[in-house]
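Worksheet for the structure shown next.
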């Protein structure tokens, strides 16, 4: 387990090799071997580390690789503290789960990409894998980091990779714009995060998670007042909001779909965007000490979930639907953390990683099959063309909709249940969201795979399965939709299995399970010093669960299943059974539909407030310049004219004379002063010498 | 008084004479060795087997007319050979020919001085030798000498970098800059450093060939190309100084190489007790023997190999030797830290 | 040829324009590596040759004009002084031309001996070439080795005709002397020695890294361009043109022996070197065949005491070690002198390719290239 | 006077420095001016070495090493500029290097 | 006593050669005097117990920088003497006068302050440790690689930049 630092390093090495050598020298096969190989090794190592972790008693393992910042004396709230940071990595249940998810799904997506990106040039291919590996390097650093600074390195690194990968096709204007947008929006979040880090150091004198948690645990819970912990949590949450695309900073994520689909799957669905959730979970002790912030988290999470889901109802771009779905699911996770169910949030994070990666990869497969077509209105009936993709995506869809016994059911239901315990209003939001989720996901399935084929015609009407690939592995003429090659379907199938079984680790007690995952994760959410009094809130919440009867829990489950089924049924009715009904509904609810289709006009709102605000601020200054300053000048001119009218003689002889005098003296003096500028270095040196002479003389005299 | 002034002075006198005699006989040795390689006999007329040839040469050179070209810079023209000769000789001040020995009841070290920056001293003094070559070529006011002096100085400076780099790795090995210290550290390690640093040795040797303008790097004085190089316009004693300086430099390089890589005055296998009987042979004779081996290889190479071209020489220096030397330093450093 | 001769040097201002880059360097006429009194005016950029101007004529003795005032036998003596390292080949070329003009039949024994002499001469000349070429590139030992073997050839010639350099070894219609007894055996012994020594040369040079670096890709010239420049002999064959007078227009007894004409592939200095090295072997092959098969018979054909060819003109060429040496002779049929005498000297023709070869190379390569085209100034200037 | 104190070195250094200054002020050949600058840097180094001895601490020598490094860099770039200038104007007279005024 | 003789001798030679450097017409001679000057200064360093500095002085200054000067002097193959053209506005005399005055002032200050407070704190510092006699090289190395590591790296970057700059400037076409 001492080699956990190798887990992030391996993809880092892969990135370095691909970046430094690959772009110039490697063929695609070599690039793929390096990329997938380094990821595969990292995944193996992760599994090994995780198994070791399961076996170890303490359930936590620290590795300090090197000293990064030697202690620097800095002021903190209680005197001078040592600002120090090590390259320290910590393996505990939470990070253990995360490295499994990141490296496992990362590996699958690497494999998927080997085929998906084949149409790139050799250099582009290597660049892609370089970025992808680099991303994994930073993501693993993020999750394994034992202190906030290491985490921050990973945090910024994944942001960078996200930017690079969204803008991977930088020749495309929209892609590079989307990259910039993501980067800028994330900066707002990072601002909050950095302030949070500063404040944490100032408050606790350390950046190590464990020490911070211990420090926080020793402080009273700020139930009534909005104290320093609340402020820290608020800052941290701003960071999380940026990274995890919550209201109001979610706008970058849908645009991020401009990147290649594997990127969307890996970064913008499975791993990076969950970093915010992860960070909140990581600082669970802090958050439990700030109930007011918790409430904010829960409300924002719930609202985001609902809003994003409602937008998802109407979108027609297959990846955008998934993007909004991601935002919505992230909202769920924040909802969970906000109500104190950190375990549930982390659990949902994991299951979501599986089925959302699956869905994205599936959509990638579809897009691939449709020759880069993303509009669902131009798909349809693909079920027969690509059975593997269809089946795996169906699994994913059922999972996200929360149909038992798939993964999503367990995690989502846990969140719903805990929310129900905490706040009924939020629960209603969440249930509504669940219904919408089921609806739009089946809408997606229906529009893509059912019904009639609505896409463009293709050259060769036979359209056999792998007609689209010529000998070189690149694309020849398009021969119609076709099933993707094995490197793409393989990961799909693997993820489908994951989406089915991932939930079994968290079967709730009500169903006879033990909710193993939450108990496993619990050590990560409490301070080490929990032997002392003042049992932590997370622990209390866990106790609370058992107070409600299992019957009620079962009832809630049934309700949520019903809601999900309702959503599915509606989607079936509207898009498969009676498509014309959908048209009718759309017409009837035209206003609502337009609002949803335009994503509540949030982008436009930002455009008109933030962007235009800045612009109009500038314009205002310009106008101020034009009106007030110029006006003053004009007024002065007018006054001059008036006064000149009043006394022409004075004007002519005194004022003009003065002006002329100034001009004349300037021009005269310039002629004489120009002589000083001889261009002779010695003259300049002479002046320096003179200066030295004067100084030395003064010194001599003063002495 | 005796220890402070008389003995060092005596040593200096003896050493200078020995070096100069060695240099002149090195010329004879070269002629003989190359003659034997080429199945000739070499000088045979002056004395038995020509052993008095150096004396005859010296007489000839001293009595020859000393020509100064018409538009040469007279002072620099005269100073240049001296500026080549002097650095070649003063390097010997720090070369240990043997350990301290008992002579007439006194303990006398067989070296003139042992300063703590010995190796640095050698490098810096050696770097002065290039002046004579540049100025000799320039002062001749002639084209071939100028061309060859530019060649020579570029060559010297380039190869000095590589050689100095190998010296850095030697310093890493020995942990001292003192020449005696380096020899003694080889005794402590029971190992000639040539076995620990074969790469450094190879680079030093090649660089040494180039720094002394010996074949196959003798293009500054390639008579087939530049009609003799920077000393084309020289004759008589001033030419002789250039000539002797080249051979003195060969001896310098050989003795430095002996000290650094072949254990200086140590016997072979300094750590093996079973060979202790070899200590009966005086230490300085080991030094002379090893130096002689080096010199022999110099001559042998001259007789065997064709000459590099100037650009090939520079490429070898900058693109092959210097990178390898730097790599060697890195490897040595890493090994030093890890082992 | 070598040693520290003082070099005259003349500084020429290249152009009225100010220029720090170009420099004019006078190489020769007294320079250790110009193989005689050749002068090359090099225009240099640093050490890179921008242009070269070959100045010849320092050894001009007017042999062609002199010949028009000598009788036909005396001219043989003059031909010795042209290619003085391959006098026998020049002798042969002249004698065969006159024989062609007079339509004299040369006895078979004489033709065999002429062939032997000619090939020995070729080996001797190549020995000198190899030695000086290697010396120019800095391999001084090869020079002495090659001269050691050349000495054996000179001994053989001395034994045959008494001279060591200017043999005067042919006569119109045959030979002046028959071979001494036992000479053929000595020639055979020499062939065996030479075979082993060739391996020695090749050990020193052929695979030597420095030698390869100095000769490979230096002075590359392809076949058509070489023909266009009028190159001949090994220099031409190095560029891959299989032109050899001995094969193409056989003379003496060459049509009776087996031998190959080696040709190069890239046309660089190394190829020319390899071609000549192989020519050593082929010459030895011819000599062995000839020595074993010397027929009995007279050594002089039916030639009148006073040689006076009928009026007419003719051109005849033989393959000298340097290349194709041709004689154009016109006779008016009345006088005892040629009316017009003109030589096509291979060294001269090859030398005019030098500026083309050295352009873009370094000064050091100029020396290597002069060596590689193998010139003799006596023949260039005549 | 017979005991050599750091003061002696300082006076020597000041003299050397001023000779350098005079060289810069008086000469027109820019190469000589560069040499004068080297003289001045040397004067500084003498100072540093003298202080180093006075305080029995090698920091002064360390600084002298830096000065030498800077001098090397200065010489390389400066001479490069001289060469480039010479190629264009065929002069090294500093009085003719005045195209940058006005 | 001996030290004083050596010092005054060296000082005289150093100043003399410095004067020669700036007063000689021939640039090559100037460079030669510069080399001699540097070698003498190196001897001064040896007197001051700075052997390493002396070696570096010889190696870098004498063996490197001045060679560079010589190269340039040779490449700049002047067809007319460089000192022909004199700008009338250069105020050479003023510069000379100022420099001399400044020298006088400096000497006055130094001598004055030296006599004012004799016995510099050298002994105290020596007592505090830091014996510079023995491992001079080692100590400089230690300082360079610890306290002055960053300046050291910056200096190496400077040299790299200077190298690139010199190549770019001197190369005729890139």
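By letter and in written order, the chains are A, B, C, D and E; residue numbering begins at 1 in each of them.
In this text, a contact is a pair of C-beta atoms (placed from the backbone, for glycine too) under 8 Å apart; a residue touches a chain by one contact, two chains touch by 3 or more.
What you see is a predicted model, and the numbers here were worked out from it, not measured in a lab.
Student: So which chains count as neighbours of both subunit A and subunit D?
Tutor: Joint contacts, listed by label: E.
Student: From subunit A, count the fewest steps through touching chains until subunit B is reached.
Tutor: When the steps are counted carefully, the minimum from subunit A to subunit B is 2.
Student: If every chain is reduced to the average of its C-alpha atoms, which one ends up farthest from subunit C?
Tutor: For subunit C, the chain whose C-alpha mean is farthest off is A.
Student: Tell me the chain pair with the top count of C-beta pairs in contact.
Tutor: D-E
Student: Using mean CA coordinates as chain centres, what's the gap between subunit B and subunit E in Å?
Tutor: 30
Student: Which integer distance in Å separates the CA centroid of subunit D from that of subunit E?
Tutor: So the centroids are 6 Å from each other.
Student: Express in whole angstrom the distance between the two chain centres, defined as the mean CA positions of subunit A and subunit E.
Tutor: One centre to the other, that is 59 Å.
Student: In whole angstrom, how far does the Cα centroid of subunit A sit from the Cα centroid of subunit C?
Tutor: It comes to 83 Å between the two C-alpha centres.
Student: What are the residues of subunit D that contact at least two other chains?
Tutor: 21, 25, 86-87, 90, 95, 98
Student: Return the residues of subunit C touching two or more other chains; collapse runs of consecutive numbers into ranges.
Tutor: Counting only residues that touch two or more other chains, subunit C contributes 20.
Student: Specify, in ascending order, the residues of subunit E that touch 2 or more different other chains.
Tutor: Subunit E, residues with two or more chain partners: 52, 56, 64, 71, 75, 87, 90, 92, 95, 98-99, 102, 106, 136, 172.
Student: Going by the contact rule at the top, pick out the subunit E residues touching subunit B in the complex.
Tutor: These residues of subunit E touch subunit B: 26, 28-29, 32, 35, 51-52, 55-56, 58-59, 62-64, 67, 70-71, 74, 134-137.
Student: Could you pull out which subunit E residues touch subunit A in their complex?
Tutor: Subunit E reaches subunit A through residues 87, 89-92, 94-95, 98-99, 101-102, 105-106, 108-109, 112-113.
Student: Over in the complex, which subunit B residues touch subunit E? Could you list them?
Tutor: Its residues touching subunit E are 73, 75-76, 79, 115-117, 120-121, 123-125, 127-128, 130-131, 134-135, 138, 146, 150, 153, 157, 160, 177.
Student: Write out the stretch or stretches of subunit A touching subunit D in their complex.
Tutor: 674, 677-682, 685-686, 689
Student: Could you please specify the touching residues of subunit D with respect to subunit E in the complex?
Tutor: 1-12, 14-16, 18-23, 25-32, 34-36, 38-39, 42, 45-46, 49-50, 52-59, 61-62, 64-66, 68-77, 79-84, 86-87, 90-93, 95-96, 98
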